[in-house]
Structure formats: structure tokens, C-alpha cells
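Following are the structures in question.
What follows is chain A paired twice: with chain B in the first complex and chain C in the second.
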Partner chain A sequence: MKTLVVVSHPKINDSQTQQFLLEGAKLQDVTWHHVEELKNIDVEKEQSLLKNHDRIIFQFPLYWYSAPSGLKHWEDEVLTRNFVYGDGDDNLGDKEFGIVVSTGMPLKDFCHGGSENVTIDEIMAPYFAIANRAKMKILPTFTIAQFQYMNESVQMQLLIDYQRYLTQTYPDNLKNRQEWFEREFADRFKDFNDINCNACETILDTFIQRKENIDQLKSTISLIKQGEDD
Partner chain B sequence: MKTLVVVSHPKINDSQTQQFLLEGAKLQDVTWHHVEELKNIDVEKEQSLLKNHDRIIFQFPLYWYSAPSGLKHWEDEVLTRNFVYGDGDDNLGDKEFGIVVSTGMPLKDFCHGGSENVTIDEIMAPYFAIANRAKMKILPTFTIAQFQYMNESVQMQLLIDYQRYLTQTYPDNLKNRQEWFEREFADRFKDFNDINCNACETILDTFIQRKENIDQLKSTISLIKQGEDD
Partner chain C sequence: MDDTGIWLNQQVDELSQKQKEYKNRAFLVAMKKMVEEQSKRLEQLQGEVDGRLWNHEQW
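This part shows the complex of A and B:
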């Protein structure tokens, strides 16, 4: 699976959040695509880029309840009617669509009765409408609230969650999560091949042991439930 | 009451709808403000413009379920946090906020189960969120669907409805409508002063006669209802 991250930020070098995410997105099969850097938008090239990826992510800071104008400009140029509505090879219908949005406000403000008085899902309606029109599968939005107040351990958790959002099989259930971690452990431990990495082996052994325990628990629960149904 | 129409359209001269609305907006106390024509956005000047009007209208064609990027660019520059959140003289809290949006799709498509599968109100959420943040009073959105298919009489009705949207006292009830028409008749008939305008007098007389009939009917209905309550 290949993922395209369409990033919009007018001052990306000044953004701690985006610089952090940029480091996180340095993964195999992930393409980072910053729209404000495009001098001229080559519509065909942009459409090919979309066609050549399986998961399309719009990533941006929340400016007045929407993406910066750069993303809208890109949308209005690149998303021609035929390309989005089109049938045949040109359509986006077999792809997944996700949003990574960052905000300086606390997440608790985004609810009815909260100080924003609107939910993140509600203000993302225009993007979901595009994805619906293109018959894409919509992933739950990934919201990053108040990155600047996160301590290092919360940031590390965010990094993993973000990487999973970009590359893990949807939906985000235990099975897909396990598969993702197992693959990532194996991939990343390769980098330690010239070092005697005892820690790596221990982590992997523990992970596999726990996974087997969970599988055992699951089949026990399944047996109990079967008993209940009889 | 002074109304500011903040218009966004990247090719306004080619837009039949916008040219039609431009003619309609040539009214006393209505300022037409096309954001794509601004070479550089002078934030202070734009904020003064907003402060000096009582009703703020965002007017645009629907491009991918939102305004063209020009409006977002204007928003991101002009709507500084202090200006929108601010207390004291600088706030927008005593103003009204409306949207005039045009679309080439039929209005019936904008509902759940319709081919757009989303309502106009839902996709306008980011604009309502701004208005809410600024504590402005939100007017019902004025949607123009498929202008190109309208015949002349439908267009003329649209023109009147649009002019009422820009200048009539909110809410749009019978009393405010009557007042609007009476004032507009009087104002516009002035232009006929060097012509012997019998038609004008007839129209005004008929209007006033009917208004009195309605008032009579209303007090009759009121009496009947009072009888029912006893």
C-alpha cells in the first residue's frame, strides 16, 4: 500500500508540528507532498500522483475551521470534475481518504456546548463530501491538539499513532495493529544488523509471546460466548 | 443598516451569476467587495471595512463544497484572532452574517440520500463556526442553484429575493417584508418624478390596500383564536 500525504502549510519550516510529522513520515511507501512548494500546479502530474497511491491524506493546521488557502487552491486546480466523478481507470474509488489536522485549541473545545461549539467532523464536511463524490473510503480523522504542550513521551506515542495512520491496514483493530507492529519491528531491527542487538530480540520475543497469550484469551472468550448462546 | 458583500470568484467577469448579482447589489448602503481584485490585502483597511458595516455577506460559487481559495486567503489574512475574538469596539458581535452561494447542481441533490449526500448547511459549517466565534447573528444561507437554467421571470424573482437578503431587516417575516417593499417602492418611484407615472401610483395604492386587508384579516384571526382559548 502506498500513501500520499498532501500537506498544506504556508510557513512549514516554522511549524514544529509539521517538522515533527515530516520526520515521522519518512517511511517506505509514504510520499510527502507539500502543496505550497509547487511553483505551478501541473494538473496531469498531480493527478498521476494521486492515481499512483492507495491512501490519500490531507494534512494541515486548522485555520478558521478549514485548511489554509493553499490546499483549496490545489483542490480547485487538480480535482477536475471528470477526475473525481470519472469511471474507468481514472477514478479514485478504490482509494482511502484521511485527514491529519492540527490545532492549537484543546480537543475538548470541539463539541456542542464547548467553546468552539462545533465538532471536528462537522467542520471537515467539505472534505468528506469530496471523498464521497470520488467514492473513496473515509478513514477517521487524525486530530493533533496542542502539540506544543505535549511532553516527549506523549510526542513519541503521537509519532507511532501517526505512522500507523499513514501505513496500517484499515480498520484500526487489534489484528491490523498486531500485524503492523510485527512488520515494523522486523523492518526496523534490520538496521541493527551490525550491532549485537539483544534488546531487539527481547522486544520481539515479548511481543510474540503476548500476541500468543491474546490469541489464547480470544479463543477462551469465544468458547465462553458459545456456551452462553447454547 | 449597511451591508458588505465579500465576493470571491477567480473569474468574475465570466460568471453570469456574479454579473447578475453585481447589478442587483447596486443599492444604497450596499458595498460590493471582490477579494480577488485586491492586489495586496491591507489587513487594517479590510478590518475597518468589516467594522463599518452591519451585515457581512460571504458570496461565492461552490467549488468542491467550499468557497474558492481566494476567500480563504482573505479570511486567513484579515481575520486575526484578536479581531474575531476581541471585546470592546473591535468586535463583530453586533453584526449579522450571511452566505450567498451559487451552485451548478440542483438543490434537491443536497440532502442525505441525494446525489451530493450532504446538506448545504453542513458544508457551510466552517463559516458558521467563524460567525459563532465572532458572536455574529447568522442569517439563513441564500442558495442559488442552476442560475443558467432560470427563465427571466425566475431571475427577476431571484433579484428581488437577493436584494431583500442584502438589505431587509432580519428575520424574514411578513412585517419586515412589507416594510421593505413599501420603502423600496417609495425610493424607486422617486426616479419617475419627471414622468407622469400612473402605474407607480396604482401599484403603491394596491400594495397599501392589500396590506390593510391583511392587517384586518390578522385581527380577525386573532379574535377567533382568542375565542378558542376561552
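This part shows the complex of A and C:
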């Protein structure tokens, strides 16, 4: 699965959050695409970039309850009516669509009755509408609130959650999470060879064994339930 | 947490402390949480199996 991260930030080099995410996005099959860096928008090139990826992510900081103007400009140029739905081709149909949004406000403020009095999902409604029109599958929004206040361990968790958001199979359930960690551990295992890691193989085997135990227990429960129905 | 879970967490923790690269450390910190989630789920599922197998009509 290939993921395209369409990033919009007018001063990306000054943004700690975006630089942190940029490091996280350095993964196989992930393309980082910063729209403000494009001198001219080559519509055909941009459209083919979209077509060549399976998961499309819009990533931006929240500016007055919306994305920076760079993303709107890119959308207006690239997402032509014919490309999105007009020519009957469903160029984006069946692709996944997600949003990574950052805000300096606490997440708890984004609810009815909170200081913002609006939810993140409501603010993202125009993007969901586009994705819906394009027959894309919408992923839950990944919100990063107050990155500057996060301590190291929270940032570490955020980095991996973000990587999972970009590359893990959806829905985000236990099965898919375990498979992601299994695959990634095996991949990153190679990098562990420079240190003494006798335990790596045992760790992975034990992890897989526990995953299988969970599956086994689930199927036992399913059998018992069937018996109860009879 | 079950014994295997505790052991696995220790192993992941030790491996994490040996890592010089931030990304590897972050990955292993997150993996520890994953192992804890596995333990919780295993305990819940085992509890459900025990609960469903306990049939008062067969007393």
C-alpha cells in the first residue's frame, strides 16, 4: 500500500511539529508532498500522483478552523470536477482518505460546550465532503494537540501512532495493530544487527505466539457462542 | 499481567535501552504498550471463556 501525505504549511521549516512528522514519514511507500514548495502546480502531474497512491492524507496546522491557504489553492487547481467525479472514472474511488491536523489548543476544547464549541470532525466537514464525493473511504482524523507541551515519552508514542496512521491497515483494531508491529519489528530487526540482539528473534516469536493465542481464544468463544445458540 | 507478558515487556524494555537511534527507541516504547494491550486482551478473553464454560445448569 502506498501513502501520499499532502502537507500544507507556509513556514514548514519553522514548525517543530511538521519537522517531527517529516522524520516519522520517512518510511518505505510513503511520499511526502509539500504543496507550498511547488513553484507551479502541474495539474496532470499532481493528479497522477494521487492516482498512484492508495491512501491520501491531508496534513496541516489548523488556521482559523481551516487549512492554510496553500492547501485550498492546491485543491482548487488539482481536484477538478472531471477528475473527482465528472468523467465517470472515479479516479479516487476506493482509495482511503485521512487528515492529520495539528493545533495549539487542547483537544478537550473541541467539543460542544468547550471553549471552541465545535468538534474537529465538524471543522473537517468540507474535506470529508470531497472524499465522499470522490467515493473514498474516510479514516478517522488524526489530531495532534499541543505538541509543544508533550514530554519525550508522549512524543515517542505520537511518532509511532503517526507511522501507523500512514501505513497500518484499517480499521485500527487489535488484529491490525499486532500485524503492523509484527511486520515492523521484523523489518527494523535488520537495523538491530549492529548491536548484540540475541533476544530479537525470541521477542518476535513470543509476540506472534501471543497473537495466535488471542486468535485461538476468540475462536473458542465463537464455538461456545454457537453452542449456546443451538 | 501474565508471566510471558512481563518477560516480553522486560525484553523489549532492555532492547529499547540499548538503542541509540530515537526512532528505534520510540518503536520499542510503543511496542511495550502493544504487549500490555495483548496481555489485557488475553486476560479478558480467558475470563470470557471461563465465564461461558461455567454452566450453573450442570451443577
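Basically, the second predicted complex is superposed on the first by the 207 of 230 C-alpha atoms of A that agree within 3 Å, B and C clash if a C-alpha of one lies under 4 Å from a C-alpha of the other, contacts with A are read in each partner's own complex, and residues count from 1 in each chain.
Keep in mind that, in the parts below, a residue touches a chain if its C-beta (ideal position, glycine included) is under 8 Å from a C-beta of that chain, and two chains touch if they have at least 3 such contacts.
Computed from a predicted model, the values in this text were never measured in an experiment.
Novice: Who does A:Tyr63 touch here: chain B (first), chain C (second), both, or neither?
Specialist: first
Novice: Between chain B (first) and chain C (second), which, if any, makes contact with A:Met156: first, second, both or neither?
Specialist: second
Novice: Considering only touches as defined above, state whether A:Lys72 meets chain B (first), chain C (second), both or neither.
Specialist: So A:Lys72 only meets chain B here.
Novice: Tell me the contact category for A:Asn132 with respect to chain B and chain C: first, second, both or neither.
Specialist: Once the two structures are laid over each other on A, A:Asn132 reaches chain B alone.
Novice: With both complexes superposed on chain A, which partner does A:Glu122 reach: first (chain B), second (chain C), both or neither?
Specialist: Only chain B is touched by A:Glu122; chain C is not.
Novice: Have a look and say if chain B or chain C is in touch with more residues of chain A.
Specialist: Here the partner covering more residues of chain A is C.
Novice: Inside the complex, what are the residues of chain C that reach chain A?
Specialist: Interface residues on the chain C side: 4-5, 7-8, 11-12, 14-15, 18-19, 21-27, 29-31, 33-35, 37-38, 41-42, 45-46, 48-49, 52-53.
Novice: Which bits of chain B are touching chain A when the two form their complex?
Specialist: For chain B paired with chain A, touching residues are 10, 63-70, 72-73, 75-76, 79, 116-118, 122-123, 125-130, 132-133.
Novice: Could you list, by residue number, the parts of chain A that touch chain C in their complex?
Specialist: 23-24, 153, 155-157, 159-161, 174, 177-178, 181, 184-185, 188, 191-192, 195-197, 199-200, 202-203, 206-207, 210-211, 213-214, 217-218, 220-221, 224-225, 228
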